[in-house]
Amino acid sequence: MKYVDEYRDAAKAKALVREIRRITTRPWTMMEVCGGQTHTIVKQGIDEMLPEGVRMIHGPGCPVCVTPLEQVDKALAIAADPNVIFASYGDMLRVPGSTTDLLSLKARGADVRIVYSPLDAVRIAREHPERQVVFFAIGFETTAPANAMAVWQAAREGIDNFSVLVSHVLVPPAMEAILASPSNQVQSFLAAGHVCAVMGWTEYEPIAAKYHVPIVVTGFEPLDLLEGMLMAIRQLEQGRAEVENQYARAVRREGNRAAQETIFRVFDIGDRTWRGIGQIPASGYHLKEAFARFDAERRFDVGDIATKEHPACISGEILQGTRTPLDCTAYGVLCSPQRPLGAPMVSSEGTCAAYHGAGRGLRPAARPLTVLAGTATASPPVTAP
Amino acid sequence: MCLGIPGKVIEIRDEGGLAMGRVDFGGVRKEACLAYVPEARVGDYVIIHVGFAISMVDEEEALRTLELFDQMGDLVQQELATMGPGMTAPAVVDIGPARSPDATT
Amino acid sequence: MSGMPPDRAAADPIAATCPAPLEERQRVLLGHGSGGQLSAALMRDVIAPALGAASPGGPLNDAALVDVEGHRLAFTTDSFVVSPLVFPGGDIGELAVNGTVNDLAMMGARPVAISLAYVIEEGLPFDELRAITESVARAAIAAGVRVVTGDTKVVGRGAADRLFVNTAGIGIVPDGVSLGADRAIPGDVVLLSGPIGLHGVAIMSVREGLEFEVEIASDTQPLHRLASAVLAVAPDAHVLRDPTRGGLASAVNEIAAASGVGIELDEDAIPVPGPVRAACEMLGLDPLHVANEGKCLAILPAARAGAALAAMRALPEGDGAAVVGRVVGDHPGMVTVRTIVGSERIVDMLVGEQLPRIC
């Protein structure tokens, strides 16, 4: 695949790792804020290739994981309505609410459908005027232009049986919340490449300056991630704190203007609660008053939702990067991808699911994982943290 | 977040005021909304996320990044080539105990 | 920090009482049919215990070996519930015959006869039923088996997804052949007869709500000739297995667990056609977990690998055959894969249903 395969080349990966090792003189802690990046890092074992002392903390980059429990419970209440066709991205189907999940509801007869694009949900509404069609509009800024377009189209065509349950979250406020926290250990960020393809990177410049942290806009393939890490470490070693762009083939400083225009035609910025973290001001999108009639929360009376997280789940600390799944007493025992207790175990991007899928901490390593096949250096093998 | 993959635009059309198209991902073709890449032409590469093109792929930048990787690889090859028997490739400098995360340079 | 998890015994006993209503854990989900961990759990926790002494137990193989007065018969059954009934590269009729023939072939048996049972939803047009049955006939003749018995039931609208097919098959296992999922030993080589992911992607491409164009057809085909060709040069082969639901990863994991060995795969040796990779990238799926219908894994002594590979490649069914890994004594029960970028990770069985993702 063009523009994909070239960024997975083993020889080039080795070259990048060698260069990282050559320039690293002290320990550094970095965070990536994108589930897709977490997925590649863990699946390809990239963090295990880094020099001893360089640590990647996996940030709250999985919108599935941070969708507030309340929104999940509302989704479940709405989906249980026999007149509703509930459309969602596949990721949300297994996320546990307080008592159940969408997949289980589907097993009990609810009309829950997976869609690939939000326009598919609008199409379902067009084809079934007699039913209510509700779309679960989750995501970071990357998905906002698509979700906004669905509402925009429905409004233009007068598709009144369509509504959206919105749960959008924004990256820059989350980064600030992490940096401002007294227990923060993050010294540098890899910014989410596709979020920035939409929004550009101007919002990160004040953050880099205020907290003196390098921020590198990074792509998703193994070579992108390694290059992003290299650029971040180079800045750290040189004492710089700038915003740089590794993902130059897809991201420009101003982002995608057309997409931003549609987002702000449909959404306002507002406060959002992040599951496992709590409320972060001005960290989410809500439908503008002009589109209030498409807001599923107003259309459906979902009553009082009393949310309840599983007591053993430490997803909050996982999402903030202060603990790892290996610190969790439920990990691999009570909590696994088949029976997730919390969101980071559900989404394949979630830190817990990524660890579990790669077998980390589940069984003692029979032998230390070789850092890089064929490496000439005598550096000690890096075992899973 | 977020699964965005590059694909080649092979068809563009207007569907009720919305720019739609067909995109080829190395052998798989799917419909996508091109409203956010008004400058896209047939043959261009775009990044598709949930059925929407969110960005164009800049071929020049893509090539430049790859060339950089190549150069880096060459440098390493040269280093290895100049090493004699008994020499080891450059190892990481011994880091010592972890420093406080608040320490700056 | 060591790789060992904190002491599990210290886990809060109250937390062990899951607050989720038990009924969610007591119903069959779609995922239980995916061929991955949930399917295995259903068998282990519900079905096998209920069968109890009525079942001989032992490792789960593609077909059972039944001793009938000195002859070893292979006996298998399978149900086919694929939707849509017709897909690029085949239909449910062809799938049913090939699936059953393959289960027999993987035990080293020469397929002899199959049964055919239909559960038909009221309203299915005759033409469709006729077309599917003609596919059954074509596939049976191609595989050298006869359909010797059958059954037909009709259920009301909504009670079956248009058509469900069940087949059972018998075959004869020649002397000297001893295959089984529990027979892999360290030092063995893992061969794969060709590219993976074709069937799953072909089905997904016509799945409602997903629809994409792809020049891929299901790889459904009978593998009995391939199996015999391999056994002819490697009669001491240890395992033959056709990875179906749950993909290559699930099949290899089952073998590793049954044999109590570790298996290491090489990601860049596993043949994945370009369009399968592209579809998986688009949907966020792992090709190792995507279903196949016409591929064969062979695990055999290293000394036989060359000859077995050549035997596979000499047949059209073995086009693209490759060595994809090895059996080791390390990490018993676990499968690892060496990735393209050179690192190593564990690859697990599929958990439930494969769901496309956006993240």
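Each chain carries a letter (A, B and C) given by its place in the written order, and its residues are counted from 1.
We adopt the following convention: contacts are C-beta pairs under 8 Å (C-beta built on N, C-alpha and C of every residue); 3 or more make two chains touch, one makes a residue touch a chain.
The model shown is predicted, which means the values in this text are computed figures rather than measured ones.
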item: Chain occupying the middle, per Cα centroid; value: A
item: Chain pair, A-C or B-C, that carries the greater number of C-beta contacts; value: A-C
item: Centroid spacing, where centroids are CA-atom means, of subunit A and subunit B in whole angstrom; value: 19
item: Distance between chain centroids, defined by C-alpha means - subunit A, subunit C (Å); value: 33
item: Subunit B and subunit C: spacing of chain centres that average the CA atoms, whole Å; value: 35
item: Multi-chain contact sites of subunit B, meaning residues that touch two or more partners; value: 1-3, 5, 25-26, 49-50
item: Subunit C, residues touching no fewer than two other chains; value: 274, 277-278, 281, 284, 357-359
item: Touching two or more other chains - residue numbers and ranges from subunit A; value: 1, 4, 14, 35-36, 62-63, 89, 116, 120, 139, 143, 349
item: Parts of subunit A lying in touch with subunit C, wherever the complex brings them together; value: 1, 4, 8, 10, 13-14, 35-36, 39, 42-46, 48-49, 62-64, 89-91, 93-94, 96, 99-101, 103-104, 106-108, 113-116, 120, 139, 143, 222, 308, 310-312, 326-327, 329-334, 337-339, 341, 347-349, 356-367, 369-374, 383-385
item: Complex contacts: residues of subunit B adjacent to subunit C; value: 1-3, 5, 25-30, 48-50
item: Subunit B-touching residues of subunit C, taken from the complex the two chains share; value: 205, 211-216, 273-275, 277-279, 281-282, 284, 357-359
item: Footprint of subunit A on subunit C - complex, ascending; value: 1-6, 8, 10-12, 14-16, 18-21, 24-25, 27-31, 37-38, 41, 209-210, 262, 268, 274, 277-278, 281, 283-284, 330-331, 334, 338-346, 348, 351-353, 355-359
item: Residue ranges of subunit B touching subunit A (in the complex, touch as defined); value: 1-6, 8, 16-18, 25-26, 32-33, 35-38, 45, 47, 49-52, 54-59, 61-62, 64-66, 68-70, 72-73, 75-76, 80, 88-93, 95-96, 98-99, 101, 104-105
